[in-house]
Amino acid sequence: GKQESTAGQGSGGSNDIKIGAILPLTGDAAPLGDQSRKAIQFAVDEINAKGGIKSMNGAKLQVVWGDSQGNQQVAQSETSRLITQEKVALITGAYQSGMTIPASQEAEKQKKIWFASVPSDDLVTSRGLKYVFRIADTSSMRVKTQIQFLNDMKKKSDIKSIALVYENSSWGQGVAKYWKEELPKNGYDIVLNEAYDRKAADLTPVVSKVKNANPDVILMVSYVQDATLLAKGFKQQQVKPKAFISTSGGTADPQFLKNAGEDALNWFDVSAWEPDVNRPGSKELDKKFVEKFGTHPSGEQIKEYAGIYTIADALERAKSTDSDKLRDALKASNITSGPTVIYTKTIHFDSTQTLPDPSLVIAQFQKVNGKIERVTVYPASDARQGANIVFPYQAQ
Amino acid sequence: MLKVNNLSVHYGGMQALSGASLQVFEGEIVSIVGSNGAGKSTLINSISGMRKLTSGSVEFQGQDITAVPAHERVGLGIAQVPEGRRLFPLMTVKENLLLGSTIPEAKKHRQETLDEIYELLPRLKERENQIAKTLSGGEQQMVAIGRALMSRPKLLMFDEPSLGLSPLLVKQLFQLIQQINKGGITIMLVEQNVRQTLQIVDRSYVLENGSISIEGNGTDLLNNEHVKKAFLGM
Amino acid sequence: MKRFMPLLIAALVFLVLPVFVQDDYILLACINIFLFAYLATAWNIVGGFAGQLSFGHSAFMAIGGYISSLLFIHLGLTPWIGMIIGGIVSAIVAVLIGVPTFKLKGAYYAIATIAFSGGLLTILNTVQHIGKIELGASEGIVVPYKSDATFLDFQFVEKLPYYYIIYVFLAIILFVSWYIDRSKLGFYLTALREDEDAAKALGINTSRVKLYAAAISAFFTGIGGTYFGQLTMYILPDTIAGAGMSVQMVFLSIVGGIGTVFGPFVGSLFLTTIGEITRVSLGDSIPGLHLVIYGTIVALIILFCPKGILEPLQNLLSKRKERKVIDGRVVANQRSK
Amino acid sequence: MGVLLQINDLNKKFGGLTVTKNLTLSINEGQIYGIIGPNGAGKSTLFNQISGYIKPDSGSIVYNGKDITGKPPHVLCHEGIGRTFQIVKPFGNKTVLYNVAVGAFARTNNRKAALEKAEEVIEKAGLGSRKDVLAKNLTIVDRKRLEIAKALATEPKLLLLDEVLAGLTPSEVDDAVKLIREIRESGVTILMIEHVMRAVMQLCERVLVISYGEKIAEGTPQDVTQDPIVIEAYLGGEVHA
Amino acid sequence: MLQAVVQGILMGSVYGLIALGLTLIFGIMRVINFGHGTFLMMAMFISYFGITFLGLHPYLTLLIVVPVIFVIGYVTNRWLIQPVLNKEQDVREPISALLLTAAIAIVIENGFLALFKADYRVAKTSFSDQTIQLGSIIINTPKLYAFFLCAIVTVLFYLFMNRTEIGRRIRAVGQDRNAAKLMGISVEKTFSIAFGVGMALLGAAGVALLPFNQLYPAIGSLFGTMAFVTVVLGGLGSIPGAIIGGLLIGIVESVSSLYVPYTLSPMIVLYGFLIFLFIRPSGLFGSPHDW
């Protein structure tokens, strides 16, 4: 016999609703996990300050953290612990798709909601699990946006040959899979298909290969440290295609801007959100973030932030922490106002329980007042006012 | 000069020495004879500090050195030419010799001692830059002796120096030992080559089953019935 | 039989534990302890008994896990059989690697095994498919979740079946290990570990005996890979073939008592529990702190009992001194039979 | 009685060092055959070649009518060649019984049979009271006995003994001599390296003297010890009665 | 191709320097230091703090890094590893010491994580992004500097080992520790010095790496495995082996990536190494009788 956790207000006189959050808090993805942790806590604090879940007597949200250590077994064990020991109402996480896939399966077995705010691997929601929801933009969505962008740019200067450079974990490979499917359909030639280990100490060989392939466009997927190595490498080896286009993640990380911003001048990056994006509430949130943490939030942080608001919205409507009620509430989500519009116009879920149409944008690393910034340049509706697309690529 | 009291040593559970006692006076050549495995090396190693004692004590020049670690005993003037020579195989002859004088006192006189040794053993000077492991057995033995002398010891202990040497070399070796002794260094000699040893020593101890069974001067022992039977094959 | 009392008690306690503890997390924690005890015990057959320090055993887990899962996905073959096939392939691979590598000694062998498993990991992380068979490269393979799974599918909603399966696996490997230890093979392994030359003189074909040990060890490790795959339902190269997995097996064995039958089990019981406790109690405070404490505990164990905790533990249990000093002569205490 | 071991023109060099040179010898079944010679003469190296630890550079070793040159030690053990090591090699962390049982397993796969056999051999070797002692805790005498017992447990036809008497007191030597005789009585041919001349004189029917890897004399112990070359090279240059 | 070879040599020299410390410690103490990568991380952190807080030139931080990490190494050996070694005195390759270094590594790595967070840090230097063009080859300046630094340190280390009293003592202890004791050399102290020197070499490698590498607590694992492979390839305990092994691995890694995806180049290095090992089980310069 297993105990179904009952509604939050019933348990132990405490009025708190426990939300489990599993993240890579140690191990080599720890910097990313730490950022998510900040964003989640930030959103939770905001919601609690505004009075918690009103339909549940103002119940406060309380996050219970689990460290996946970037290890699937630990992620799974933490899931089990959060559910049975901590009796959390639902779980969010686990940043990395590789951890999310097995951990959410564990949650599914125990009939707990797994709410994925960041994991982008299509597998997360394509397995037909009943209790897994996602608001993250998936790899296929990002690829679509990138190709749309390419098609538009082609009008300015012809683009034919493309080099794919991506890190070799499930994330990079997932994206590459769609590139390889979609690019040829759209009339592009893949002239180089280069995967690398993101932990490699040195990426000069990759850079050299790209240089030899001499593509019109370089498409990339990378984490922070490898993105930094690539940016420096391309600049040093004077690789000059018509465009560098990255796929968020590492390049969207504030640390990348800090460590390699100069080198990545005029690179493009697809992302879910930018500090300067033309959406209501966005500037204000950005300001609060900078005040609190000293850095702009990353797209991933915004997704975590929006994720918590989506969860709160569902709790509000479900008036319960019962998994099935929550699931119904989540399925019925249709949020078009409030903080989540910072991320996307409407939060709703399709039949696979994933957000079908996140508002993706393309930002470009540009120099503004002598400082490198990510400037949203595409699509025009979201673009920063007065921003211009620099294309084809110009080195400094 | 050296006083060993009631020494016992164990290896794991096996007792190698049980209550051995002996004395060495300044300027003497004293030998320890005994069969294979009698505990001769163990005795020497206990004196030089290489072996932990189970019980007993070692005094050197009136000072109890039982607790002094091996590398510090060198500084007190105890040197050893170990069984099997134990040269530093990948180093040159000269480096091996220099390593003999790492203690501050010896280091001061390093060049001087080195010259003396080269004079005593001219062969070493010739081979100064040869790698030790490529030397012949006899040459290696000379390096081992030279190296021990480099620390300017007061007491020099030899553990089976004749092992693996041709009869001719053995004869020369024994002359060398006597020569070193004349230079004022007290000698303790462990040998299986009982007959020749007993001919050059002042006094000798017989070690059997981990303790001293007989003590006496060289010629006395040569004529001792037990010694004759056990070690001289008569 | 007195020596086996603690073991029997432990076996009984764990057998009935789920009756009292119905918490899935605790069961999962126990499953992890058992799984690692199982893996470490399997490792110990070659790493401990034969004294060949392998740092690449995760390779065999990967082989076992991949093979059974692929057979399940593509041919619908039950993992129970796939597991045996995976184990056999692991054993064959172990022999193939063993032939050249057992010539290597000490640290050379250790690093060679690191290189072998590191290379395999790279391949698994890179190869998308072999022919039509999807390997998924670093995305790994998802063991398809069947809502109508039966026992034959080796997947369960509840943790309880997993618990008893690994309980039985562990019992089997402990028995095998115990049996080997007292059989001819065990005598031969001990002999060659203590002195290879002397072993040869007694008619021991040392290279063949080492290969036997390697094959047995790899066979069971491969089966462990299948179990792991079925438990997590997801085979991710970095986890199943990663260095962390291999190192863990070595760690647990050394901490428990390398080369002993029950050392690896005790090691896992102790260390996996500590790992779990430190993570749970400190995991959400300062990131990394729990591992600092875990590492410190391991370091302390080594400092105070370099031979592992099994021996002092046994002494504690039997309250007997290993040796008695009689008449100044140390004589080994005779074991009471 | 036939020839059990025939060695023809054996040569072995280590780098520049010749350790076995043109060595020829033959040993009859049931003999006790001794090998003597100065330290480093190459006696143990010869054993290592016979028992398969070292491959000779040239020459042949014929045992029981079969050419066994270059065969590995474990095969030779099963062929019936047992050996001891000059530097004893006990399995230190195991009991005497365990040590000997390892040897007994050469002829059986059954644990019980092996242990029984081991007990029997241990008794014979005079280690009966020590069978549950860890090998590393044995005295030197017992270690030598253990070395013999391990070899005996493999049921050899030819037993190679490398200085098993070294380090024994005269009375212990006498015991050991008796043991070796018993072993021979039970039908084992013995080839022994020994420095203890007293035992060599008592035991051996024939003796081979080698120096620098070369045969310098062969014959009965009496003949050999009278040989001036042997006295010069081995016995120390000083002839004694 | 040429470009790849040059790049390989530049990276390889750093691998070599890292391996040098490892091989020294192994050669002298017979301890496989599983914490090697972690100590490298520590050295890089010290250098990083020297640059950011004291405003030092990156290469000037050597003056801090080398002595500090030497002391850390010395103390680690003296108080942690040595006691374990003493307990396992007659063991040839003390396995519990190996485990101990691994445990120490876990503590240090996660201690740094707890103290300094997991952030990626880059030491911004004036020359970080400069390049030098030689014909068709473009070289990143800090890598070139790193190469020279490695070369200089290697030469200094060689002289230290062969021309100084201390170096001679270290070698003596490595070749025969008991004989060394009889020469009046304290083996414990010499071990500690050797460990410290090994760490100091690593410190130099860390300083060389920092200007073109990012720094985070887990970076050690990145260099750890390669360092082991390098050391064994060169022959355990062999100093020239470490350097040549490092260069070889650097070149193979770099050149092979011209022909296979870069992800597979570690596989080529590792399996190439294995095949090499089957042919020459003692590595490039290891003596076959030693192991």
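Order of writing sets the labels: A, B, C, D and E. Residues in every chain begin at 1.
Going forward, a contact is a pair of C-beta atoms (placed from the backbone, for glycine too) under 8 Å apart; a residue touches a chain by one contact, two chains touch by 3 or more.
All values derive from a computational prediction rather than experimental measurement.
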{"item": "Subunit E reached from subunit D - shortest hop count over touching chains", "value": "2"}
{"item": "Common touching chains of subunit E and subunit A", "value": "C"}
{"item": "Most distant chain from subunit B, judged by the mean position of its C-alpha atoms", "value": "A"}
{"item": "Which of C-E and B-E has more C-beta pairs touching across its chains", "value": "C-E"}
{"item": "Reference subunit E; chain at largest CA-centroid distance", "value": "D"}
{"item": "Subunit A and subunit C: spacing of chain centres that average the CA atoms, whole Å", "value": "37"}
{"item": "Geometric centre distance via CA averages, subunit D-subunit B, whole Å", "value": "32"}
{"item": "Chain centre separation (subunit C, subunit D; CA means) in Å", "value": "43"}
{"item": "Centre distance in Å when subunit A and subunit D are each reduced to the mean of their C-alpha atoms", "value": "76"}
{"item": "Where subunit E touches two or more other chains at once, by residue number", "value": "110, 113, 117-118, 217, 261, 263, 266"}
{"item": "For subunit B, residues contacting two or more additional chains", "value": "12-15"}
{"item": "Shared interface positions of subunit A, touching two or more other chains", "value": "26, 30, 33-34, 168, 195, 197"}
{"item": "List of subunit E residues in touch with subunit C within their complex", "value": "26, 32, 80, 83-84, 87-88, 92-93, 95-96, 99-100, 102-107, 109-114, 117-118, 217, 225, 228-229, 231-232, 236, 261, 263-264, 266-267, 270-271, 273-274, 277-278, 281-283, 286, 291"}
{"item": "Footprint of subunit A on subunit E - complex, ascending", "value": "3-4, 7, 11, 110, 113, 117-122, 128-129, 131, 138, 140, 212-214, 216-218, 221-223, 226, 253-254, 257-258, 261-263, 265-266"}
{"item": "Residues of subunit A defined as touching subunit E within the complex", "value": "26-28, 30-31, 33-34, 168, 193-197, 199-206, 208-209, 224-225, 228-229, 232-233, 235-238, 255, 258-260, 262-263"}
{"item": "Subunit B-facing residues of subunit E, complex", "value": "165, 168-169, 171-172, 175-176, 178-187"}
{"item": "Subunit B residues within the subunit D interface of the complex", "value": "12-15, 35-38, 137, 163-164, 166-167, 193, 195-196, 208-209, 229-230, 232-234"}
